[in-house]
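Scroll down for the structure; my scribbles are underneath it.
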Amino acid sequence: MKKIMNTADQFVDEALEGIICTHWDALKFTQHDRRGVVRRRAPAKGKVAIATGGGAGHLPLFLGYVGEGLADGVSVGNVFTSPSADTMYEVAREIEGGEGVLFLYGNYFGDKMNFEVAKDMLEDEDIKTESVIISDDIASASRDKWQERRGVAGLYFAYKIAGAAAAKGHSLKEIKRVTEKAAENLATMGVAISPCTIPESGRSTFEIGENEMEIGMGIHGEPGIERDTLQTAREITKQIVDRLLSDINVRAEEEVAVLINGAGATPLEELYIVANETNKLLHSYEISIYSMKVGEYATSLEMGGCSISMCKVDEELKELLEAGAYSPFIRHEEGGSK
Amino acid sequence: MKKIMNTADQFVDEALEGIICTHWDALKFTQHDRRGVVRRRAPAKGKVAIATGGGAGHLPLFLGYVGEGLADGVSVGNVFTSPSADTMYEVAREIEGGEGVLFLYGNYFGDKMNFEVAKDMLEDEDIKTESVIISDDIASASRDKWQERRGVAGLYFAYKIAGAAAAKGHSLKEIKRVTEKAAENLATMGVAISPCTIPESGRSTFEIGENEMEIGMGIHGEPGIERDTLQTAREITKQIVDRLLSDINVRAEEEVAVLINGAGATPLEELYIVANETNKLLHSYEISIYSMKVGEYATSLEMGGCSISMCKVDEELKELLEAGAYSPFIRHEEGGSK
Amino acid sequence: MTLSLLVNEYYEFIKKIKDELNQLDAAQGDGDLGNTMVGGAKALKVEAENTKNIPDWLVEGGKAFRKAAPSTMGILIASAMIKAGKQQKENNRLEWSDIQKTMIEEIMKRGKASRGDKTLLDAFIPAVNAFEEASDQGVSIALKEAASTAKAEAEKTKNLNAKTGRSSWMGDRAKGNMDGGAWLCYKTYQFLADWVKYEEKKGEKS
Amino acid sequence: MTLSLLVNEYYEFIKKIKDELNQLDAAQGDGDLGNTMVGGAKALKVEAENTKNIPDWLVEGGKAFRKAAPSTMGILIASAMIKAGKQQKENNRLEWSDIQKTMIEEIMKRGKASRGDKTLLDAFIPAVNAFEEASDQGVSIALKEAASTAKAEAEKTKNLNAKTGRSSWMGDRAKGNMDGGAWLCYKTYQFLADWVKYEEKKGEKS
C-alpha cells in the first residue's frame, strides 16, 4: 500500500483538518464532533437545511458538496464506512434553521440505518426531517427495483437540484418531491480498470488482470455485471450509454444532463475522450445534451476507471440545474448549463 | 498499459475534441490547426494576448489555463512533447489584438526552441512578442542557475499573475516584468510514488520499488534528488517545505502563496493531509500563508505523487493573485485569496 | 466486576477472530466486519468499566458502539442493545430471554430483514429459540444449545441468496459463502457458553 | 527521382534504428528520439515526393519535419534544414560542405550549445571537419571519413556530462551514457556513405 499519509488511523481526521484549514472561510467543524462539517454560515436560516454524509475516500463526495446552492452539512465516516448516527444528529442540529432538514445520501445499508437512527433522535426533539436516498447505479439492480441500487456519481444532480430548490425557499416536502423526481430519472454506470487500497486495512478493493476491465463495478469495488478484456473508449461508452438510455427510457428529441466522472486515477484526458464518444453517440441518436460535466465528482481513492451518469431533464429540473452552486470543490455558474 | 482510449495515435486529438465539445462556450480550435485552442472571444482586443503551450498529459496544464484573467490561447503537443512552432504561430495570430503577445510556458528545451522559432515567424509579420519562461522545480538545478530549472506546477502562479496584469490593461513590458518577478520568487518540489505510461510508446516514465518514493522527480519522470523508502506525509512535507523556504529565502513574518498539486492518481484526501502538514509547519515557522490551493494543477497522466509550490508575495503580486480568473478548469473568485 | 471482566474477555476474543470475520465479509461484502467488531467491542469494554449495571451498560455500550463502529452490523447491534437496555431499565429487572428477543425485534425493525435473508438473524433467531427451550436446564446448557444451533444455522446460510445488505448486490454470486454476521452470532454464543462453564467450574472449586 | 528514393531509403533505415535511438534517449532523456526521427523522416519522405530540387526539399522538408516531430531534435534539424535550403536557394548553387556548415551554425544558434555539451554537435562538428578534409578524394570517401569520425566522437560522449537538453538535469548520472543525437549523426553519415557507395557501384556496373 503506497499512500502519502501519516498513519492509517489518522487518515480521515487529518484530511479533514487539511480541508478545514484550507477552506476555513467556507467550512467549519461541528462544535462537538470533528467528523461533522457544516457551512461557515450555518444554521441555514429561513430555508430547509440539507444534510448529507457517507464514508470518506470519495472526494469531492460527500464533503465537497457542502456549499451555496448545495448541501449545508456533512457527516464523514471512515474510508468507505458510514458515519455515525451521532455525527449525523450533530450536523443536523447545527444546520437546522427552523424549516426542517433533508437527509440526502447514497443508498448503502450502513448509512441508511444510521441516518434513520439520527432521524429518530431528531424527531424526539421535534426537528422535522425527510430523507431522499439516491440509488443510481444501474449495474446493482434492475429498473423495477431501482430503489435498491447503490448510490454513485449521480448524486451530483441530486445535490444540485435539492440545493437549488432549498436556496429558492421551497418547502421540505416540495424539495423532497423534486429531488425524488430527479432520483427516479437518474442512471449511472461505471467501468473499473484498477483497484484502490483502503488505508485502514491495507486491503485492495478487488483484483483485476493486466488487460481486464469490469463494467458496472461500484465505488467500493462492489462486483459489476461483466468482466471483459479492456475495450476501446468507444466500445465502453456505447455499452454504458445504451444501457443508461434504455434504463431511464430516453428517446430521440428528449434531453439529458450528462456527467462523466473519474474514479480517481484516471487522467482528465481519458475522461474527455469518453466525453467525446458520449457526445457523438448521443448526437447520432438525436438525443439533446442539456449539459455535460467532466471531471472527478465521486471517486474511490486511487481507483482507475470512470462512470457516465445521465439525468433525463424537464423544464422544472433544468431551472434548478441552472442555479448557481459554489463550494470549495464544486462550482456551477448561475445561469449556465455547463 | 491500461488506458481508456481508442488508439494511442488519436489520444491527444480525441481528448481535445472532447474538451471542445464540452466547453464550446468558452473555447474553440484555431482555424487552421486543431492542436491550437483559443478563447471563444479571441482575439484579445485592447489587451496583451497571452499564449502558452506544452505537451499533452498534464491537464489542467496547459489548456486548462485558457480563460478570463488567464491565458488567451494554447498550443498542444503530443503527450510530453512540445507542440510545433507552426501551431504556436497560429495561436498567436488568432489571439493577438494589437497589444502584442506574451509567450508564457515552462522551461523545456523542445518547447523553448519551438517558441523561439514561432517568435521569429511572428516578428517577420511585425507582431510584438515577449517570453517569460517558468523554471520553478528546485530539484533540477541550484538557485544560482534557477533559470535552467524545469517548469512545473508553479506555472499556476505565473498564469494567474500575467493573466490578471493583462486583464488590467498593462503593457507587454510591464506584464513581462511582474511575471518575471513572480517567476524568480517561485519554488516547487515534488515527490513521486508511481509512474505513468505514455500512450504513444507504452513506456513507463520510471520504475520504482513497492516501498520507494523519489523526492524531486519531474513531471515527465525526470530524475529527482533522492530515492528513499516511502516516508510519512509529515516527513515528506518537511523535507520539501524546508528546501522551498531556503530556496526563495522566506523568513518569519514573510508571506507565501502555497499550492499543493496532485500528480494525477493521488487522492484529494492525501493532498489535504499534505496541506495540513504544510499549514502546521509554516505556522510553526511563523510564516504567513497568503493563500492555499489544493488540487490538480499540473499532472502527469496517472502518476502518483504530489508537489508543493510556494511563491513569496508582496503587495503587487497579491493584488494580481486576488483578481478573478475563470476557465473551464480553473476558477478563482475575484477578491478571494483562497 | 464480572461484567467488566467478561466484556474485556470478549474484546480479546473478538480480536482473535477479527481476520476470520473480515474474510467472511470480504467474500460477499466489503471485508470490514472484523474491524467493526474490534472497534465496537473495545467501546463496549470501556463502557463496562464505567457503568454499574447491565441495563446501563447495554444503553451506554450501545451508544459507544454506534459511535466507534457505525457500519451495518455496528448500528444494528448498537440499536438492539440500547433498546434492550432501556426496556430492562423500565421493567426494572434483568431477563436474559427478553433481552435477546428485544434485540431481534429491534434488528428486524431497523434492518427490515427477516429469517432467510442471509444475515445474522438466520443464526440469531433459531439460537434464541434453542436458548428458550433449554432454559429450564440452566443458563450454561441453554447457551450451549444456542451456540450449537447458531453454528448449524450459520453454516446453512451458504445455500442462501442474500436479500439485504451489501451482499444482496452480488446476486447468485453470494451463494456458497457463509454469512459473516451469522457466524459472529455463533461465535458469540460459543464465547458466552465457554465463559459461563468456566465460571461455574471456578464456583465448584472454591 | 534520386532524392525521393534516397529519402525513402532513409525513412526505412530510421525505422530500423528507432528502438536503438529510443533506448539511448531513454537512458538520459525521455526515450522518444527514435519516435521523433521516424515521424520526421516520414515527413521528409513525403516532401521529397512533392519537391523538385534539393534546396526546395530542404526548406519544405524542414517545415514538415517541424510540424510532424517538434521535439528538441526535431526543431533543431528542421531549423537547420530550412536555413540551409534558403541559403542554397539564394546562392543558387548546391554546395554540400556549405549545407553542413550552415546546419551546424543554425543548430548552435537555436540550441545555444557548443561542442563538449554532449549533443549531436559532438559528432556533427568533427564529422563535417573530416568531410571537408577528405572532400578532394570524392564524396564517397569524404562521407566514409565523416562517418567513422562521427562514430568515434559519438562514443566519446559517454565520458561527458550533459550541459544542455533534458539530460543536463541528470547531472553526473548522465555519464556513461552515449548521447543519442550524436549516435544518430554517425548513423546518418554511415547511411549516406553506404548509399553513395551503392550508387557508385551501380554506376560502375551499368
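Labels for the chains are A, B, C and D, by order of writing; each one numbers its residues from 1.
Rule of thumb we're sticking to: contacts are C-beta pairs under 8 Å (C-beta built on N, C-alpha and C of every residue); 3 or more make two chains touch, one makes a residue touch a chain.
Fair warning: this is a prediction, and the values are worked out from it, not measured in the lab.
Chains making contact with chain C as well as with chain D: none in this assembly. Chain centres here are Cα means. That of chain A falls 29 Å from that of chain B.
Chain centres here are Cα means. That of chain B falls 56 Å from that of chain C.
Centroids of chain B and chain D (each the mean of its C-alpha atoms) stand 33 Å apart. Within chain D, not a single residue touches two or more of the remaining chains. In chain B, no residue reaches two or more other chains under the touch definition. Contacting chain pairs (ordered by label): A-B, A-C, B-D. Residue ranges on chain A touching chain B, taken from their complex, read 2-7, 11-12, 14-19, 21-23, 25-26, 56-57, 59-60, 191, 193-194, 196, 210-211, 230, 232-234, 236, 264-277, 279, 292, 294, 296, 299, 301-302, 304-306, 328, 331, 336, 338.
By the touch criterion stated above, chain D contacts chain B in their complex at residues 22, 26, 30-32, 35, 63, 66-67, 70-72, 74-76, 79, 110-111, 164-166, 168-170, 173. The touching residues of chain B, counted against chain D in their complex, run 77, 80-86, 108-110, 113-114, 116-117, 140-141, 148, 150, 200-201, 203, 218, 220-223.
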